[in-house]
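The following pair of complexes shares a single chain, chain A, combined with chain B in the former and chain C in the latter.
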Partner chain A sequence: MHERAPALLKGMKLTARLLLCALALFVILGPLSSLVIWSLAEQWHWPAMLPQRWGTMYWQKAFRGELMTSFVTGLEIAVIVTAVVVVLAVPLAYVLARFRIPFKALILVLFLFPQAFPALPIFANLSTLFYRWDIAGKMSGVVLVQVGAALIYSLWTMVSVFQSVPRVLEDAAYAMGASRLRAFFDVSLPLAVPGIVASGILVFLYSLDEFTGTLLIGSPFVKTLPVQMYLSSMGYEMQIASVTSLIISIPGVLFLILFQRFLKAEYLSSFGRI
Partner chain B sequence: MVEIRMENIVKTYRKTAALDGVTLTLKPGTMTVVLGPSGCGKTTLLRILSGLLAADSGRVFFGENDVTALPPQERGAALVFQNYALWPHMSVFDNIAYGLRLKKMPKSEIARLVGEMTELVGLPEDVLDSRRHPTELSGGQQQRVALARALVVSPSLLLLDEPLSNLDAKVRSRLRVYIRDVQKRVGITALYVTHDQEEAFSIADTVVLMDRGKIVQAGTPEEIYGRPANRFAAEFIGDSTVLDGTVSPDGSVCFEGNSIRGVAVHSETPVRPGDAVQIVLRSSDVKIHPASCGPEEPEAWLWLSAFAKEHMYIGAKYRHIFHFGKQTILADSETEYQDQPVRLAIRKDAIRIYKR
Partner chain C sequence: MNHSAVLDGGRKRIWERLLGIAVTLPPVALVCTEYVYPFLLSVRSSLQKNGRFSAENYAYALSVYGQDIVFTIFVSALSVVLVLILSVAIGGYLTLHRNRFWEFLFKIPLFIPFVVVGHAMRTFLAPKGLLNSLLSQIGAVDINNPPSFIYGAAGIVIALTWKQFSFALLLVMSAFESVDHSYLEAARTFGAGTGRQILNFLIPLSRSSIGVAAVLILTSFLQNFSVVMMMGDSGGAKHIMVDIYSIITYLNDLPLANALGVISYLLALAPAILYLRGELTKHA
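The block that comes next holds the complex of A and B.
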């Protein structure tokens, strides 16, 4: 009896853990599995539990047709947006992190301001402006609207990245004779690279998933996958929508795994500290 | 080797004066140690010398050159920091070679100088293996790398900002001897900032004692210890006991019923009977004798009767605590006194009395 008790306890613990894992898997993979089934259903009428006819027709359609074009457009936009945001945010974040700037907190909050309002009216208003500038329905317009939104997030993360690089390391370089610019490129920037990469990945994923702005500014000429998915769901093509969402989630999953490797706890601990 | 001069430096942070008119000359090739409690302005002084911080007013000269307006890059003052400040993404070799590369020296020359400097600061040659990064080294070794990085560019001034404060006691006492030795061998003018008086006394040519943004006293370690210039110096240096007393009608100083004769009061204005004074003495100057010992040589020694009640073992000796009314005197001795009357003997020339 005495010997069996711990074994029993162990067994119960193991069962509990397995149940928890199963629950987690169900929560994570449940919705995904329905997407997979839908994407492979060529015919599925109520009240059947599973599709009547299975096949890869919609996948083939996706790889042949517009879906792939939208995917490539989305990737192109994401790459450009990420590059522009990183190039803008790195120097801006460095300056905000290192120098005593009057109203620094206010500036950072101002950057967050657009987030305080619903996105739809903001983008709708922007689109009239963009039509006047003749960049609506063009790639440049979509890039501009996404850069505007992504810069905010990127700036907030990168300011904390640069704050986590000890100032004394730059002082040491100055004392050795390095100019400010030289010290930035030799010391601060290399030490901030993991944080910059992490921030860049977040921007890339944001851009790939961005919907409201892209729809209002870009369509009908510039269509990314989320827009495509929305348009096809409107036509009640669940299959196309499912294929689209599965394709969209691939880069997301890949990059989140990368992101986890680059993000350091220190960045999070100084996040939002000004 | 040049003389470094600071003239009337003032630096104020939000209305509090970090440096309040500091004038100081560092003689060529000497080690000057700035000593003081935290917040006395010693680190501010060092940062102003390095050029990392600008003074509100005053001038800094390196030799004949007025460098007051020059940024750190153009001053040629090398820094060693408390937390080493080595660049973690560079190898040990690249850390030391950084200053030389900025000077665009040929590769072979850089390798030679880095090798020489590594040997000089007592690091094993294998730390220069291109894969070795500073974070793999011990704290003491990291500070040696920092020292090598600073010295390799042959700076005109070496600044050390509490370089040993992050190290444990054993490494600390070993490394300070080493730093002093290297400084002498290179013959560089150095300024060393610390709050540790033992460290200061053991390596300095000149000790500069600072308090609240001002230089209290500058001199050799012997001068600072033996002839403190004022109450702060007397209290800060050594294991000091401070007692409150008053001036008696006959001009002697009285504390808790004991009178002290033959010790002058340090004061800018003459003292009058009834004035409050502070009596500063070091526990190392207080000797404990059995009560049977007579008060000998009363001109040179102050004798006090006391009762031994409390003591603690502090390693190699006992620290006794004697109560006089509400005040206490600490005294160390190798023998243990317990529950017995004793006599304390204090050399009068070691007693300092200041007007409050």
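The block that comes next holds the complex of A and C.
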């Protein structure tokens, strides 16, 4: 009896542990598997646990119809937004990281401030402005609203990228007679490239997943996948919405799998917003 | 020193300054037009009724949507508490017992966009969703009268917690990593188990990082739009972002939406202000 008690306790502990692991797996993967099953369900009547008829009908539908157009639109917007944001953010981040400039504190507040406020009411008022300027419901309007938002989120990672480039190297370049511009292009920029690429990828993913701004500014003419998904989900087109959800999630999950080991908290923190 | 060289240096300086201004101005102008100006517009419009200065929009917003404001605070606060408990417990465990599989698994929600989380939870938790049909297999749920997990507070809390738990875990674990591990070794030598090490060492030593994470996440819940929109409308209390959107699209009453919007600005700022005040009084 005395010897069996610890063994029993051990067994109970092990069972509790296995149950916890199973629960964690179920909680994380349950909602996602629900998406996968819905996307492959050609016929699914309650209360069957699984669909009566499986098939790829809705996936095929997705690749032919409106969904493909939205996908391409979203991709085009994401490419433009990423390019513009990198071009705007890199020099500004460098200037903020290196130099004492007038109104620096004000500029920093300007780029922190919008993060503290809900986007919806701001964009609702922005959309009245965009209507006046005739860019609401157009690609240019959606690009503009996303560039603003992505700029705010990416500037901080870019500033920290440039801060991590040792200043000594630039000083060495100056000592050799290089101008500031030359030091930037030949020394700092090449060293910052990995960080810039990482934050560029994050901007790209952000743009693909952006919902609020695109819905408010782009509707009803510019539809990206998240907006399309919202519309089909509200219309109870569960299969189409699930296929769209999975397509939207693929780039982010691929990114996770490919770059798992390099992902640092500072880069990933922008994901808290997508 | 040669006079022209000095002049040349001066000219270079001005040239560099101009370049600095040239790269700073466009982003600053963009943020001013897209955030600061609409922000000011929203405040002004919220204070106007029929072209005159008035607080009527606020009175109306508070009387009609007051319950939804309370609901928003309630679901956000409850979610953030759940997120913190889960992320500290699991983050602490994984810091002390590294496991790459579970670290990967718990990172997944971070990469699933908010909109997708909303829809996934809708299919999963709906009365006729996967969860209920699984539960009915083991007899835990009555098929003819399935419970609804999706509508009202429960659905939103589950969806928000599921998504941001992952983000919190990331922040919490990076704070735990930076705790000096010799403390933990010392604690282990004296027989402290996993729970003791988390409660008595990891949490107190990373209190400020956990506080910052809590503020960030609470703010993100208070301003969340995509998840609460995707979860749909149950007819009961709603998140105020859903209210703002429906006031704009269905009632077409921008001043009223803006009054609720300004209230949402204040709500979103509150956690940061409370946190900073707490920090200041602690150090004073």
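One rule holds in what follows: the second predicted complex is superposed on the first by the 223 of 274 C-alpha atoms of A that agree within 3 Å, B and C clash if a C-alpha of one lies under 4 Å from a C-alpha of the other, contacts with A are read in each partner's own complex, and residues count from 1 in each chain.
Here is the rule we go by: contacts are C-beta pairs under 8 Å (C-beta built on N, C-alpha and C of every residue); 3 or more make two chains touch, one makes a residue touch a chain.
Remember, it's a predicted structure, so these values are computed and weren't measured experimentally.
Is A:P190 contacted by the first partner chain B, the second partner chain C, both or neither?
Once the two structures are laid over each other on A, A:P190 reaches chain B alone.
Based on the superposed arrangement, let me know which partner A:P166 touches: chain B (first), chain C (second), both, or neither?
After superposition on chain A, A:P166 lies in contact with chain B alone.
According to the stated criteria, A:S179 is in contact with first (chain B), second (chain C), both, or neither; which is it?
both
More residues of chain A in touch with chain C or with chain B?
After superposition, C is the partner touching more of chain A.
Taking the contacts chain A makes with chain B in one complex and with chain C in the other, which residues are shared?
179
Applying the document's contact rule, which stretches of chain B touch chain A when the two form their complex?
Chain B residues touching chain A: 50-52, 71-74, 76-79, 81, 83, 85-89, 98-99, 102-103, 149-150, 153.
List the residues on chain A that touch chain C in their complex, please.
24-25, 27-28, 30-35, 37-38, 46-49, 88-89, 91-92, 95, 99, 101, 107, 110-111, 113-114, 116-126, 128-129, 144-145, 147-149, 151-152, 155, 179-181, 209, 211-212, 226, 229-230, 233-234, 238, 241-242, 245, 248-249, 252-253, 255-256, 260, 265, 268-269, 271-274
Of all residues in chain C, which touch chain A in the complex?
12, 16, 19-20, 23-24, 26-28, 30-39, 41-42, 45, 102, 104-124, 128-131, 133-134, 136-137, 143, 146, 162, 164, 167, 170-171, 174, 216-217, 219-220, 222-223, 225-226, 229-230, 232, 241, 244-245, 248, 254, 257-258, 260-262, 264-265, 268-269, 272
Where on chain A is chain B touching in the complex?
Residue list for chain A touching chain B: 166, 168-169, 171-179, 182, 186-187, 190-191.
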